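Going in written order, the chains are labelled A, B, C and D, and every chain counts its residues from 1.
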């Protein structure tokens, strides 16, 4: 993972990496009392950061079957299916059961990273290029498809033109599919994309069209910057908000959690 | 893909000796219970409670063309491809692990179409085993709809719910011919206790037509009967019991050892530049050359083993 | 429960009650290595007797979620859902799971008592009289319907004219329904009535018609006796076998198991 | 019978406070969470782990017209009819217990059509809760077909399997408004451990829109977290926690006490000759007159309690 520290540190203080920025901005979107189904990496870091700041009553779920764990600083799990993520949890269940919590409606927010996203919030983590003859075979959905189908989604990812495309090569995890009510038409009446958090800003989806739109820009990022890094026409309102920069307190917690910068380099 | 008729599914179960009997055997004897072309389900998930010793034995036995399924596939999937044991893996996610990036071996085999990676959502994998475990041809579910994943799977069918008019997806039962599952302890009859995360193993054992258990330790039936509510897999589903200490190495076994991280790094490194050659070199050194399982563990290294064990047992510390 | 001791003891020695006769004759039908889903009372006694005589490898399942228990002499459970039936079991599962073992095909024999049975082996434990306006509301199916639908059945019951009827008032647990292939037509391709054990004889079902027929008479019972106690025309072959009487050994085991004659009075 | 739409089911769950918070309250406060006319699922089975104290509190609170469901119903069903708390019970078997014969109270109420006993097969009950727990409108199954039981139930539908052409029965999800479940121990947040037989309680807790736990003992969250794989019901499903020692009396609670057999005999005797009068006399003496739960237990009797406890704890003896 290449560091974004150089670029970002020119415009704001304190200095932080792009990944740290992602984690902080995502954490702020989580509310106290919510149940969040978190992927490993930035989502997990952000969820723990939220617990340690404004959302002590946030319940974290991991795909491996873990409900309400205490992740220890410096011992971040390399996947959500290993014993490290289960330490001092409230409950362990099978993978099928933890995913069924999504279907039963027990999960407020699904929170994951993304490799490729399109205008309607569809995510691709399966194929780069044509699925029949792919340039790159990616690892696939895991629980991504289930989470995106059954919960309100927050996605944290790097903002690059090749990742923000007009149409994903393959819909691994459905967002609003072709926009409008096509998601519900496909048999997914619940959930859907809520926010995309990137190192440039915070994105939402328009009420009717369900097309991606900019809700806020991070400090030092211009409308032109974010448009230039997006592979489709991304509307930026004139009065777009600017996010408050990560605080020293937030960064200190992140660095205690991930001292070796496993996920925040 | 075809689903067996109910009577065919029952016939296979009926013909098994499901009585309380000693099933202890060697890895080699257990490997002989798997035939070329069988469908094989693998217990555990990613780098956790992988029945690595059994996979090791199947590769050494030169088994061919197994249709493999697992909830999430890690390094063992690479090795099943590279050894020729399988050219078709059904799973929801396939790579060594997030921290090691996309598997080079998986890419090399699938992008050249030498092997197939059939992708289902994770919940679909779980519900397919569950349908198999329950003796019904399908489970209804509410994800995968509207996705490219659904388009590329064989056998799932959308339906209009006769109760609510809603759209549901019916995913077909998965009744693997053989399931291989690694546990912390079981008795000679196959009554198994599993500590910590159970993944999809309980449904998988019920779904399969044959179950091979590898276990860190064989305990007495008396010990099992003292806490029958802790038996997670029952003897009646089990056809073979093999005692293999560190049977998931270099993956983890809950409460006993964490992944052997340095060795996992070594694997990633060996398969990084030339995945084909690298995987073959890894297979030679760790799969074909070792005299036995202890020799395999010795090649991974004593220091690694002690470190993994120290980290693993820490899960229970206050 | 009224005792049949008087009638039976006239014809054979050693003396035994009708219930003891039922238990012994049923036990002999169970084979070593089988898995039997047993109800409380005579079925449970018979299954344990089989284990202690010719079928040490018999696996017993109870509806409460018990797999492979050791029931202690003198501590017979009053239902199959209480802790007494779980003592030193190999495994405890939920009720749903233990019933699903039937559906998955893991159970060779279902073994229960019966209140009312008809020519085609259908059992009624729901209503005496019309279901809409019953003379007696009985306790209902419990797992009986599931067991009878999904396993080969052995039923142990008293042979009385009012219990052996042309057509049951209500099909709680299906046998061969209207005979022939009507069971499979109804969606029940597996299982079906195997044997009915009574205090007069052992009954089976004809291969084609699926009508009840006499396979053997107990010592001292005549073809006329069994016909007289049956509410429909019950064929008795001329060369019908006679069952060997209960042995002292079998009776001794039963009396040790149920010293207070809870089920064998 | 109607099945709520998926969005309606989700709305009810979404509106609950599912966070890790203290939910400890009194029996009376918990009873106030149940409204007249609610559908109410009762945990345990027959005379085992019946949430008797909660039923006692609902009867004392004069709740009316609850649609009750349970896997198998024993004496508590008689008392729900006789008190007017319920005139509609959905279950697979209904009587005090095999050794006591057919319930005279159940007969008196159902044969005169003062109350309804809606009969489903036992597996159907389990699968209806399971469908509710999984958030799908139905489960497919292979029994009840061809029976009179099926003819008299509302809502089950036969279908031709789109995979195999076989006939299957689809039984509708049961999502009770409230589930009441008694456990051996849980923490103040509702993380519950259950020893021994779990019956249908785990699916029931997931299926319900609200869960009231009664528990023999409240333990710390730290104790629960030491063995998270022993948590059978998770805090997020639970809305109330009430500590009630001997909360299943005169029924049993696994590992702690067996049924109070003499009292069960007394009940059978009291309701034998005149079921209506007998049940009312029993309700007066044991439900309405006691000052509190300890007084109720006192009326059952100290010697009975000690005997039930001695037999109950014996399950763990070698």
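The criterion applied here is as follows: a residue touches a chain if its C-beta (ideal position, glycine included) is under 8 Å from a C-beta of that chain, and two chains touch if they have at least 3 such contacts.
Since this is a predicted model, take the numbers as computed values, not measurements.
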item: Partner chains that chain A and chain D have in common; value: B
item: Taking each chain's C-alpha mean as its centre, the one farthest from chain D; value: A
item: Inter-centroid spacing, chain C versus chain A (mean Cα positions, whole Å); value: 60
item: CA centroid of chain B to CA centroid of chain C, Å; value: 41
item: Where chain B and chain D are represented by their mean Cα positions, the distance between them in whole Å; value: 38
item: Between chain A and chain B, centroid-to-centroid distance (C-alpha), Å; value: 29
item: Of all residues in chain C, the ones touching two or more other chains; value: 66, 86, 92-93, 100, 103, 189
item: Multi-partner residues of chain B (each touching 2 or more other chains); value: 6, 135-136, 141-142, 166, 168, 196-198, 226, 229
item: Chain contact graph, described as a line, ring, star, complete graph or other shape; value: other
item: Pairs of chains found to touch, sorted by chain label; value: A-B, A-D, B-C, B-D, C-D
item: Chain D-facing residues of chain B, complex; value: 3, 5-6, 135-142, 155, 157, 159, 161-164, 166, 168, 170, 172-173, 195-198, 226, 229, 316, 318
item: Chain C residues within the chain B interface of the complex; value: 32-35, 57-59, 66-68, 70, 86, 88-93, 100, 103-106, 108, 189-190
item: Complex contact set, residues of chain D against chain A; value: 6-7, 9-10, 13-14, 17-21, 133-136, 189, 191, 206, 221, 224-226, 228-229, 231, 234-237
item: Chain A-facing residues of chain B, complex; value: 45-48, 71-72, 91-95, 97-99, 102-103, 106-107, 110-111, 117, 119-124, 126-127, 129-130, 141-149, 152, 158, 166-169, 196-203, 252, 254-255, 258-259, 312, 315
item: Chain A to chain B touching residues, read off their complex; value: 40-41, 63-66, 78-79, 81-84, 86-87, 92-96, 99-100, 102-103, 124, 126, 131, 134-146, 149-150, 170-174, 177, 182-183, 186-189, 262
